[in-house]
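Both of the next two complexes hold chain A, though its partner changes from chain B to chain C.
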Partner chain A sequence: MTDLQILNDYIRGEIGYQGELYPDLDLLEKQILDSFNVVQWAMFIQDRFGVQLEAEDLVRDNLCSFSRVIALIDVKRALGLTGQPQPN
Partner chain B sequence: MGMLKKLLNPFKEFGFFAGPIYGLDRVFQRLSPHLRLYFYEMLAQPISEEPLLPSRLSGALEMREIRLGDPEIARMPARPDIKQSRFRQNAVCLGAFQKNRLIGYIWLCFHQYEEDEVRCTFVLPQGTPAVFDFDLYIFPEYRMGLGFVGLWNGANQWLVGRGIQVSFSRLTRFNLASRQAHLRLGAQCVGRVFVLQLWSVELMVATLSPYLHISFRKQDRMRLKLRPTFSSPENRVRPLVGVQAG
Partner chain C sequence: MLSRSIPQFLCDMAERMPDKVAVVCKTRSVTFSQLHQEALATAQCLRETGIAPGDRVGICMEKTLDQISVILGVLFANAVVVPILPRLKQPNVRHIIENSGMVALVTDSDRMNEVLDFADMSRLIVGHGTLDRDWPNLPYMRQFIRPQMFFDRISNDNAAIIYSSGSTGRPKGILISHRNLADGTDIVADYLSTNENDRICCVLSFNFDYGLNQIWQTIRKGATLYLHNLALPNDLFALLAAEKITALPVMPVIITKMFDRQLKLATKAHDFSSLRYVCSTGGRLSDGMLNDLKTTFPAAKIYSMFGLTEAFRSTYLEPSQINSHPTSIGKAIPECQVFVMDEKGEECPPNVVGELVHRGATVTKGYWQDPESTAKVFRSHPRFPGETLVFSGDKARRDDEGYLYFVARGDEMIKTKGFRVSPTEVEAEVVRHPEIVDAVAFAVPNISVGEDVACAYTTIARQPIPEHILKQYLKAHLPSHMVPAFLIHFEGFPITGNAGKLDRKTIKQTAFERLGLDQAAVATSSVNA
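So, the complex of A and B:
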């Protein structure tokens, strides 16, 4: 399963959004995520991909779309800031 | 077609009860700035001892009281006279700071809260350790990040440390985002208040005692008695994914 599919499944399964999804869709602007579940989203990313997110990482620019999240994960992986990812 | 859609939008967004009230208020606002129809929901939110955030994230925020004279007060978007009146009624302003920068704040009143939008005083129940929270504000750059949950996480800890079990608030029924966020934190609606402002006259109808009030002067305020209606464990707030106790 690709990173994109994992993120897609979370939005479908946990958030319950059934509309169109694509990598650059702004999940915050479309109100698919709000000020509360954006933190849940970040916690899921951290646990599922085994990357360590700091408070400074939890900003709109990093979390607003699949492509931004994947870019953040890539940066964390490149920096070696990873932990043990949780299985499906 | 466009006009019909515009007329139906409030029904779609707020439902068949609140929708017409919203529409009527919009019409009133167009007719005169002295005509308003407010629809408030009174919420009671259990104060959770369980953290909403993992300690690594919550540790990045510092909570502290912002007192009268603090330079941070100037950054708050409310009118200066409103902020002054809040301190006069002994309200506490609790700020969340990230790297010494104020990211958001919440105001808290003990015993009662003097509403500044309408002539109403919300009286907290005796015998229940409770506060009234109002004007929760997160600076825009922190809204879609740690801001909201981080502020509530810190506020909960601050309140738990003072033995507080419930926080009441009043929300306009039409602020759907704020309403949703409060409900996610376990808040429940414990009453509704309707206020019709007609120039200097305010007619209030509430589902809580004293139910009906008419005010002709500023000093004549309705004292609305709040009471929590929940006590069951299912109202406890679920911690977020990845939060470990301790």
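So, the complex of A and C:
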């Protein structure tokens, strides 16, 4: 499964959003994510991809769309900053 | 001469400081002069679509600068603002449209689908978003219209109807005059010392009085309002520092989100020394919340406030008293008095629980077209002949120094083993547990003792705490009759609309289902209460 599919599945399965999804869709602006479930979204990304999200990573610009999240994960991987995936 | 009103305040400020920035949002900002012109243009557009003086105009919009223009435009059009929470359930929207006799409903183009079913009841107008051929679009129309000043209301005229989601029954519309808004603005500006150097960060929604008051504060004192939709707290912290925000009005739910323990927070990376105050209303501030605020914003004063929409705001606690009286809601705001009264209308002695009664400038006009409910809450008192007071139904007490304490909403007192237990006091103790984020206590019927105390709670880790461990902890901290017989873990609590308060009714219902109690038991319990 690609990173994109993983993120897509989460929004479909956990958030229950059935509308159109594409990589640059702003999930916060479209209110698919809100101030409550965006925290769960961040936790999911951290656990599922085994990356440590620091305070400076945990900002809207990094988490608002699939493409931004994938870019963030790629940077983290390139820096070799991945930890062990944590048990959920 | 214009009457004392929000439109008058804006006219004054547009003249006094035309080029000062009034509102900043992500995509654009406006000066007072521009905001004034935009409000006048919006009023003219509304008039051309057929809005007449006194008409009720619904506003169901996300927080944007366009929403502010619509709110002000409706006031300048001599019409009445009726906020509707986005994503409100359809039967409630229908009720508000019918009950208020709404002639038009302004919404976002993105939100049209949510309100399309009501097109036969109320004229639909787009207040923000893209143009299409089906609906009038205010931002588009404004480009071609000449702003005109025709506001002519007197202070006693209706300015807004705010629907409150009461704990039972249909939402009731609270009727607010121009004078109420003007007085509420000046009273709050007085005790918060709002001034033209203030940069207010508005994370609140404009669908209720607390959020709207941030617009009025800005207009009245020439401050600058920064609109922010809180999602990730680090974005808010960055904004506070970058814009040198001086004022941060919040609610307990927002504080919980700001200091979510699951996230790494950038609180240490910023300089918040510009922040003059944080104020909060809409629920109890726990020790943990106070601690987070004090640690993160050491230079800021903390104002704990209390009110109900029927009288906008009743009390605030002087920031200097927050350490010595952390659970107090303080004393009456300027121009108002707050009493604790027994059933005969006599003032209760210190430390005796009675009904919170509010007297003064912010008493609203009553419930819209509901004389029966109005007569119950908006009443006279022999001590103040010819005057209307608000009998809140809420339970409160006063200490020996005169500081007030909120005890419970009228129907939420728990009667157990011959004691009357305040849910607020149980909750205050439960949230002292280091793992617990929030708590909601309520009654569960039990024939042998009257009612049992039950408490729903959420934790940092979103995992339940083993019941025997939590009970042991509570037994060490609470008198035995106050220790909850039932502890129900929730992953998260539902919030009422975007008014930002815990949805106690739904929390209680869900807890009852989880405890295997049926709705009949819930109904019996509330009848007996």
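Just so we're on the same page, the second predicted complex is superposed on the first by the 84 of 88 C-alpha atoms of A that agree within 3 Å, B and C clash if a C-alpha of one lies under 4 Å from a C-alpha of the other, contacts with A are read in each partner's own complex, and residues count from 1 in each chain.
By our rule, a contact is a pair of C-beta atoms (placed from the backbone, for glycine too) under 8 Å apart; a residue touches a chain by one contact, two chains touch by 3 or more.
For clarity, every value in this text was computed on a predicted model and none was experimentally measured.
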First (chain B), second (chain C), both or neither touched by A:Asp34: both
Contacts of A:Phe44 with chain B and chain C, given as first, second, both or neither: first
Contacts of A:Ala55 with chain B and chain C, given as first, second, both or neither: both
Chain A residues touched - chain C or chain B, whichever exceeds: B
Touching partner for A:Leu63 - first (chain B), second (chain C), both, neither: both
Intersection of chain A interface sets (partners chain B, chain C): 28, 33-36, 38-39, 43, 53-56, 58-60, 63
Chain A-facing residues of chain C, complex: 229-232, 234-235, 238, 257, 260, 262-266, 269, 492, 495
Residue ranges of chain A touching chain B (in the complex, touch as defined): 28, 31, 33-40, 43-44, 46-47, 53-56, 58-60, 63-64
Contacting residues of chain A [partner chain C, same complex]: 28, 33-36, 38-39, 42-43, 53-56, 58-60, 63
Chain A-touching residues of chain B, taken from the complex the two chains share: 52-54, 56-57, 60-61, 98, 138, 141-150, 177, 180-181, 184-185, 240-243
